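To keep things simple, chains are lettered A, B, C and D as they appear, and every chain counts its residues starting from 1.
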Amino acid sequence: MRAFFQNDYGEGAHPLIMQRLVETNLEHTCGYGLDPYSLRAAELIRQKCGRPEAAVHMLAGGTSANAIAMAAFMRPYEAAVCAASGHINVHETGAIEATGHKVLVAASKDGKALPEGVRAVCREHTDEHMVHPRVLYISQSTEIGTVYNKAELLALREVCDECGLILYIDGARLGSALASSECDVTLRDLADIADCFYIGGTKNGMLFGEAMVIVNPSLQKDFRFMIKNRGGMMAKGRLCGLMFLTAFEHDDYFAWARHANAMADIIRGGMERGGVEFFQRTTSNQVFPVITREQEAALAERFAFEHWADLPDGRVSVRFVTSWATTEADAQLLADALGAL
Amino acid sequence: MRAFFQNDYGEGAHPLIMQRLVETNLEHTCGYGLDPYSLRAAELIRQKCGRPEAAVHMLAGGTSANAIAMAAFMRPYEAAVCAASGHINVHETGAIEATGHKVLVAASKDGKALPEGVRAVCREHTDEHMVHPRVLYISQSTEIGTVYNKAELLALREVCDECGLILYIDGARLGSALASSECDVTLRDLADIADCFYIGGTKNGMLFGEAMVIVNPSLQKDFRFMIKNRGGMMAKGRLCGLMFLTAFEHDDYFAWARHANAMADIIRGGMERGGVEFFQRTTSNQVFPVITREQEAALAERFAFEHWADLPDGRVSVRFVTSWATTEADAQLLADALGAL
Amino acid sequence: MRAFFQNDYGEGAHPLIMQRLVETNLEHTCGYGLDPYSLRAAELIRQKCGRPEAAVHMLAGGTSANAIAMAAFMRPYEAAVCAASGHINVHETGAIEATGHKVLVAASKDGKALPEGVRAVCREHTDEHMVHPRVLYISQSTEIGTVYNKAELLALREVCDECGLILYIDGARLGSALASSECDVTLRDLADIADCFYIGGTKNGMLFGEAMVIVNPSLQKDFRFMIKNRGGMMAKGRLCGLMFLTAFEHDDYFAWARHANAMADIIRGGMERGGVEFFQRTTSNQVFPVITREQEAALAERFAFEHWADLPDGRVSVRFVTSWATTEADAQLLADALGAL
Amino acid sequence: MRAFFQNDYGEGAHPLIMQRLVETNLEHTCGYGLDPYSLRAAELIRQKCGRPEAAVHMLAGGTSANAIAMAAFMRPYEAAVCAASGHINVHETGAIEATGHKVLVAASKDGKALPEGVRAVCREHTDEHMVHPRVLYISQSTEIGTVYNKAELLALREVCDECGLILYIDGARLGSALASSECDVTLRDLADIADCFYIGGTKNGMLFGEAMVIVNPSLQKDFRFMIKNRGGMMAKGRLCGLMFLTAFEHDDYFAWARHANAMADIIRGGMERGGVEFFQRTTSNQVFPVITREQEAALAERFAFEHWADLPDGRVSVRFVTSWATTEADAQLLADALGAL
C-alpha cells in the first residue's frame, strides 16, 4: 500500500463528521437546506465572519458553486477576470462559459492575479463590442498552493473598487490558506475584503460541501432560486448544514487545515534536507518538488502522487498533497525519501 | 414529536449505508467517480439491467441529473415533451430551460403522458419556426404517485420510435414504482424500453445519489464531460459508488422500496376503513387523501405531511409520503387516525 | 399571377423608403447604429411617444428583438408569461428558452392574455422550486389579428404592478393595431402603459427593422451590449435609422397601416356579403374566413394565402393578410370572390 | 468633408445592388429565405465553389453568423480555438460564450493561427476536466488585414484532421482576401479545405448579408432551425438572396474587392514614397501606418480613419480601410498626404 499524497479528497470525512452524521441519521428534518442544522451552520458562519448581514448557502461542490455564483452575479455580456491558472479558466470544462459568460485572463505571478494585470484587462475592455469585466475571481489558496496575504488582497480590493468589479474568492482550499504560516488573513478579514467567497469543505474534512458567504447585500437576492435553477439544491441539505456546524462549532475546520499544513511542512523539511528544488514555493498543503524522471519512478513505487509538469531541462515537477487525514508517519516517510534524493 | 410523512428525504441514509460509509471512510481512492466502488457499482447495475453495453454514471441529485441529460442529448432547437405535472416542467425552477431547451406539455391522465398526447405534440411541431420535439420525459413513479405498467411503457416506446424521440425516465422514485403491486415492470424491462433512465437513491435509502443508466450507445459519448461542464461531478464520487453498491449487491434497494410501499398500504387501508376519498389512487409510496380543512388541522397536530391542493368544494387534498425509514407503528397510527375520520 | 395575401412581408419596402435609401446610398456614416439617421430616428420616436427619457434601439427582426429583450430584462430563474398563441411560445423555435428562460402560458381569450390568467400564473409560482414570473409578453395586434383596447391594456398594467411584472409589447404589427377602428390606443398611451415595446417595421413598409422603445429607465442599462452579445447589432445600422426616420417624419407609418386595414375591411365586406363565417373576428390586417376544402382549393387558384386550421366539422380556416402594398383592385377581387361563395 | 477611410461598411450598397433591389421591390415572394432569389443565389454559390452538396444559408451579419455556426457545430463542453486577435475572441461581446462555448487562444503570427499553436492547445486539453477543442476558427482576411495563403490553409487543415477539429473560416472580408495579390486561394480551394466558411457581403458591396457555406455534410443538419432559434432568420430573406445573386452572377463580388485592394495599394504606395513604417504589412483592404501623434492629428483634419494602437515609443498606429466605394481621387489624396510625411 502506497502512502497517499495524490490529493486532498481521497478519503471520506473526518471521523468527527462521520460520528455526527451517524448520530443524527434518523432524525427527521425538512429538506433543501431549510432544516435547523443548515440554519444554525449559516448563523455560526455569519458570526465567525463578523457579518450578521451575510447570506450563507451550502452547496455540494466547487465547480457548481462557482458556476452558480457567476450566473447569479453577472448580466449576459459581463465577464469574469482571473489568473491564467484560475480553476474556472482551466479545469471546469467550460462551466462558466456554459452559463454564458466569458472568462478573461489577467497577468499573474505565482498563480496570483496582479492588480496591474486586472487594471489592464479593464482598461482594454471599454466599448460595447467587447465583454464588460464584472467579477474578479481569485482562489485562496491558489491552484498552485500559493496564498494571498492581506496586503495583496487589499490591493485587489482597491482595483475592484476602481473598476466596478465584484471580488469573488474561491475557497476550495481556504482552510489551508488561512492556516498557512505565510497568511495574515482571518475569516473576518476575508469577509471585510471580498464581496463573496466560499469556504471549502470537500477538501478539508467533509464528505462534500462548500459554504457560499455572500457578504455584499446587493448580490444576495434570490440566490436560492439560482441554486435550484442550476441543479445545486440538495434534497438532504441538512448533511451540509451538519458538517459545517460540526467543523465550525469548535473551530476544528482550522485545526484540520493546520494539521494538513504541518504535514506539508514535514515534507518541505525533507526536501530542504535533500536539497530538492521547489517548482513553486508554497506554505499550504500542496508541495511541488522538481525531480528527475528516475526519481519520480522510484518514488511512485512507495507513494501515490501526481505528475505535475514536464520541465524544459528534462526534469519534472510532481505534486504531493496533504490533508486532515495524512498521518505523521506517512509524511515522515516521504520527507525521508525526499531527503535522501 | 409528530410522526413524519412529509416526504421521503427527511432522514439521512439507511443504517446499512451509513455503516459501509463509516467502514470505508479512511480508505484512499482516486476521485471523480473513477474509484473502484463506483466502477463496481456501475458494473453491478449493468448486470442487474442485463445491459453490458450501458453507460452508468452516478450523480448527486435529480434536477442536476435531468438537466445534464437534456443538455447532453439535445441540440439547441430541440425540446423535451412531458406531462403538465412533469417535474422538469414545474418544480425545477427552469433548470431545463436554463440549458436552452423548451419543455413542451403533452396531454396526460393520472400524471402519465398519453401516447396520443405525445403524438399530437409531434404532429403540431413540423417546421423550422417551432422547436423540434426530441426527448420524451416521463417519471416512474410519477410526481403524483402513479405508476406506468409495461403496456403503457411499450405504447410510449412505440410513439418514440414513430416520432424519433428519445425515451427518458426520471426514476427519482423508481424503487417505489418497481416495487408497486400494480407494476409489472422490472429493471431489465426498463432497460429494454428506455433509451436512458436514472435510478433514484436520494429518496430510497441513500444520503444522495442518482444512477444514470444510458442504455442507447448513441447517447453515451462524452457524458462525463457534460457532468463536469454542468457542475455535477463530485470530487468524492466514491460515496455514490459505495452507496449504490451497498443498495444493489443484495437487492436491498427493492426491499427498502417494498417497505415504503407496505407502509403506504397500511395508510391506504386506514383510509378505506374510514371511507376517505382518494384525490389520486396510487400504489406507490405517496398517498393523497381528500379531507376537510378541519380534519387537516387536526391531523397536523400529530403528523407531519404536506398540503397538496385546494379543491373546488372547499375540501383539500394532503400528501403522506412513506420511506424505508417509516415505522410500522407510525403508519398504523396514521391509518387509525384516517380510519376514524 | 395570383393576387398576394399570403403575408405582410412578401415585398420589399415602401417606394418612399427605397427612394430614401437610394438617395443616401453613397453617404458615409459611422456604423452600428450610432450614425445621424439612427440618432434622429430615435429622437423622433421619443417625441412621438412623448417620452424624452425612453431609450430607442433599432433591431433587424422580431425574434431577435424579443430574445434580446427577454435576455436583458430577466435574471436566469425568471420567466416570461404569455397567451398560448404568443409568438415567443410557439413560433420562434425556442429562441427565448435558448436565452435560458421559461415561457409560461396564461389563460387567454381571442389571443389576448387575460388579467385573471396572468394573476393565476403568478399565484401558482410562489417558491424557489419554480420559475419566477417576471415579464408579461403580449402582442399588439395579436398573432390572430385581434387588438387590445386601452381598458384591456390598463387592466394588464394593473396586474403587472400587483405582481411585479414588466409589461412588454411585441409590436411586429403595431401599425395595423393602432390604426384599427377598434383600437383607442395611441403611441403615447402605449408608452405610458408599457415598460417596453417595439414598433414593427418589417411588416409595415420597411425592408426590415424593429424599433425597441424602452420606456422604463431601470431596464435601459447596457442594452447595446446585449444587442451585440446576441448578434443583433448591424454594421450598417443607418439603414434602420433612415427607414424609421422616413416612416415617422410625416407619420407615413400609420398611413401605410391604415391602408392595410382598409384593404382588409374590403375583404371583410366581401365575406359579410357572402355570409362567410369568421374563424376569428378582427379589425386589423389579418382576415380569417371559415370555408370548405373545395372553396379553399378554388380560391387558391387565384389568390396566394395560408391554410390556417382544420376545423372539427371538416371545414378549414384560411388566412388573408394585407399590407401597404396590397392594391385596392386585388382586395376587391378577393372580396368579390368571397362574396360569391 | 473628410475623405472616408474609417471602415468598409460606411456606405449603403453598390449601386448595382440598389438598382436590383429597386427593380424587384414590388415582386411578391415567400419569406424566410425560401424565395426564388435565395434559392438561385445558393445554387450559384454552390457552383462557384464547385460543391453541389454544400448547404448555403444567407444571414444578416457576421457576429450572428459566427454564433449560429458555433452553436450548431458544437456540443456544450466543446470549444473554439482561434488567434488572440480573432474576432470571436475580442470583438463580439462574448457572443460565442453566450452560446455556452469557451474560446481558446492558440499562438499566432501576424494575426494568423499557427499550426503548432493549434496543436499545442489540443495537446493540453486532454481530459474531462477541461473543454474539448472542436472548431478551429480563422478569419480570411484576418482582423489585421493579413491573408492566409494556400500552403498555410493546408497546414491548418492537416492539424484539423489530426486533432478532430472542424475548420471554420470567417469571411467577413473574404472578397478582399481572395482578391489580394498575395493570395493564391480560390473560392473552390476554400471549399476544398474548410468544413464551413462564410462569404461576407456587408463589407463588400451589400447592405448586409453573409453567405454561410457548409461544405461538410455532417454539419448541415437542421441549420435553418438553428438560424431561427438564434433570431437570425429574416422575414424578407429575399433581400440577401438577391444581393448575393447580383454580386456573383457576373463575379462583381471579386471585382469590387479588387477595386478596394487597388485603392489600398495606392495608399501603400504613398506610404512607401513617404518612408512610412507599416505596423502590419498587408495586401488586403486594410492599411496600418505607424505615425506620430502630431501626424495623426493633422491627417484627421482631412481624412476619417481609426486610431488603432499606442506604441511603446510614443508613436501610434492608425487604420485606413478601403472598399468598393473608395474613389481613386480620395485614395490618391491620402497617398499624397502619407507620401509627404
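Just so it is clear, a residue touches a chain if its C-beta (ideal position, glycine included) is under 8 Å from a C-beta of that chain, and two chains touch if they have at least 3 such contacts.
No experiment lies behind these values; they were computed from the predicted model shown.
Visitor: Per the definition at the top, count C-beta pairs in contact and tell me whether C-D or A-C has more.
Guide: When the contacts at C-D and A-C are counted, C-D has more.
Visitor: If you average the Cα atoms per chain, which one ends up farthest from subunit D?
Guide: B
Visitor: Using mean CA coordinates as chain centres, what's the gap between subunit A and subunit D in Å?
Guide: 42
Visitor: Based only on mean CA positions, could you tell me how far subunit A sits from subunit C in angstrom?
Guide: From the centre of subunit A to the centre of subunit C is 50 Å.
Visitor: Between subunit C and subunit D, what distance separates the C-alpha centroids? Give it in angstrom.
Guide: 33
Visitor: Counting only residues that touch at least 2 other chains, which ones in subunit A make the list?
Guide: If we look for residues of subunit A contacting two or more partner chains, we find 76-77, 92-94, 98-100, 128-129, 131, 225, 228-230, 233.
Visitor: For the complex, which residues does subunit C have touching subunit A?
Guide: Touching subunit A: residues 32, 71-72, 75-77, 99-100, 128-129, 131-132, 222, 224-230, 233 of subunit C.
Visitor: Can you check the complex and tell me which residues of subunit A touch subunit B?
Guide: Going by the criterion above, the answer is residues 4, 6-7, 9-13, 15, 18, 21-22, 24-31, 60-68, 92-95, 98, 202-203, 207-208, 225, 228-236, 238-239, 304, 325.
Visitor: Taking the complex as given, what residues does subunit B use to touch subunit C?
Guide: Listed in rising order, the residues are 76-77, 79, 90-94, 97-103, 128-131.
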